[in-house]
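First the structure, then my questions, so here it is.
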Amino acid sequence: MLTVTRLDQADARLLLAGAAARAQAIGVPMCIAVTDESGNLLAFERMDGGKVTSITVAQDKAFTAAAARKATHEYNQACVPGNLVFGIHTALSGRLSVVGGGLPVLVEGEVVGAIGLSSGTPQQDIDCAQAGIDHFLQHRQAVQS
Amino acid sequence: MLTVTRLDQADARLLLAGAAARAQAIGVPMCIAVTDESGNLLAFERMDGGKVTSITVAQDKAFTAAAARKATHEYNQACVPGNLVFGIHTALSGRLSVVGGGLPVLVEGEVVGAIGLSSGTPQQDIDCAQAGIDHFLQHRQAVQS
Amino acid sequence: MLTVTRLDQADARLLLAGAAARAQAIGVPMCIAVTDESGNLLAFERMDGGKVTSITVAQDKAFTAAAARKATHEYNQACVPGNLVFGIHTALSGRLSVVGGGLPVLVEGEVVGAIGLSSGTPQQDIDCAQAGIDHFLQHRQAVQS
Amino acid sequence: MLTVTRLDQADARLLLAGAAARAQAIGVPMCIAVTDESGNLLAFERMDGGKVTSITVAQDKAFTAAAARKATHEYNQACVPGNLVFGIHTALSGRLSVVGGGLPVLVEGEVVGAIGLSSGTPQQDIDCAQAGIDHFLQHRQAVQS
């Protein structure tokens, strides 16, 4: 038997809140998705003004980052024609996302979930995803110390 | 041109909170989805213990209630073999849900969004969905009076 | 609550008529789709001779332009290998279209819907989509002045 | 954070072996799928003679039993026209299976995975699934005592 550590709903809210605060600060309303370590959705928020296409894209980014334990922008860099990874972006009917903006969430070196954002540029999406993770980790540290 | 009234993110949170409180009270962790009036997802929460299958089912219930402007249990009652509505449950690749637990959210007689729940019995899902709507309407009244 | 402005059926017909007239003029029968601001179909016409594959492609272009609030050819320009946006063309099971020919329809700076065309070259599709928008805006101005 | 207990590969093999032995004994070659507690596939075997359609059906049964924490035949009994659960069989594009033959695997009262079989009658599928669980639990007991 395996023992797995997984984000709970309170963790998911911290991730959402941190990401939404950064998105608010840069003036880009986002779709924000948080999944557990298996890629299944825990929480989602479409900020007022977030794009409808981003509802699915944000979830797919988070799914990919959790389920493949890899940031989607890392797949993006490898997913170029001629590279053997190329084509991975059509896997799972396109649900495997190679668009920047999905980051795995690690605690003590283990992937416990992921966060995915969409509606800005991929770089904005990545920055806000990282802000979510930073907020989550800071709050956890504050609680534990 | 048409003018449409739609739930915003603050409204969606009221709906989530009211539904989650009832689910907590009856001891059945739920998946809760809120969509806008077009059926597009605004907010989602999988309470700790909510079922993985319910992630999609809750969203599909809310989508159906908003997009068809009808409670999913009303479709359920009509969707019996021999009735001309029968078969509607396979429409949209099964995304059109006839399982009880999806309710449209009305403000001044107009559908402005919907809420869908899944993980309990359909009756529990319906009750928690209604609790979400009640909480939303009460809070709105308190703000406006 | 949010207030949203959306194309109505009369608007959709203006868009169709303007696009079809241009398609007729250049001798390329088209599939033409008009969606509301959420990406849901309002009107569709397959001109005599329009391609069967274009039935879906035109709808996906209009869906994308509305739901992402961006012309599909803008996605096309960014969706190149090595760019962080690459891979967006397979999102939503490929429904997110990066093929030129989908344009958002803006009124007073707000996306109120979109138009998508398919059957010609992407440049022809774009030109006819723009002709639809021009016709719509001209007719609206005449009515309002 | 949540801590989750999940079948490992050795567990999955015990489940497969027990189910296959029973299928062999009754002379019905089966497709056998084992998933983790989130419904993701851990192991699969198509015995010589197993049906091609059953490749997917067995996986869907195991997915459903794990992700909904319920035997698929229990859904079957509730999924009758006029009952509020009716329609659940088309959810998730039909991936939510209500055909008998999917059983959750419980250890100390917690769902740690599931097993799904297909190719025989549903009753044969259920019997072989149970044989897989029995074999798994017996072997675990022997190891632990």
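Per-chain numbering from 1; labels A, B, C and D assigned in written order.
The working rule: a residue touches a chain if its C-beta (ideal position, glycine included) is under 8 Å from a C-beta of that chain, and two chains touch if they have at least 3 such contacts.
The UniProt protein names, listed by chain, are A, B, C, D = Heme-binding protein.
Just so you know, these numbers come straight off a predicted model, no measurement behind them.
Engineer: I'd like to know which pair from A-B, A-D or B-D copies the B-C interface, where a copy means over half of the contact pairs are the same by residue number.
Structural biologist: Repeat of the B-C interface: A-D.
Engineer: Just the number, please: Cα centre separation of chain A (Heme-binding protein) and chain C (Heme-binding protein) in whole Å.
Structural biologist: 30
Engineer: Considering chain C (Heme-binding protein) alone, which of its residues make contact with at least two other chains?
Structural biologist: Chain C (Heme-binding protein), residues with two or more chain partners: 2, 38.
Engineer: Give the pairs of chains that touch; include all such pairs.
Structural biologist: A-B, A-C, A-D, B-C, B-D
Engineer: Quick check on the complex: what are the chain B (Heme-binding protein) residues that touch chain A (Heme-binding protein)?
Structural biologist: 8-9, 12, 40-48, 52, 55
Engineer: Going by the contact rule set out above, which residues of chain A (Heme-binding protein) touch chain C (Heme-binding protein) in the complex?
Structural biologist: 48, 51-54, 56-57, 60, 73, 75-77, 79-81, 86, 89-90, 93-95, 97-100, 121-123, 126
Engineer: Write out the stretch or stretches of chain B (Heme-binding protein) touching chain C (Heme-binding protein) in their complex.
Structural biologist: 1-8, 11, 36, 38, 40, 107, 112
Engineer: Which stretch or stretches of chain C (Heme-binding protein) touch chain A (Heme-binding protein) in the complex?
Structural biologist: Result: residues 2, 38-39, 64, 66-69, 81-88, 90-94, 96 of chain C (Heme-binding protein) touch chain A (Heme-binding protein).
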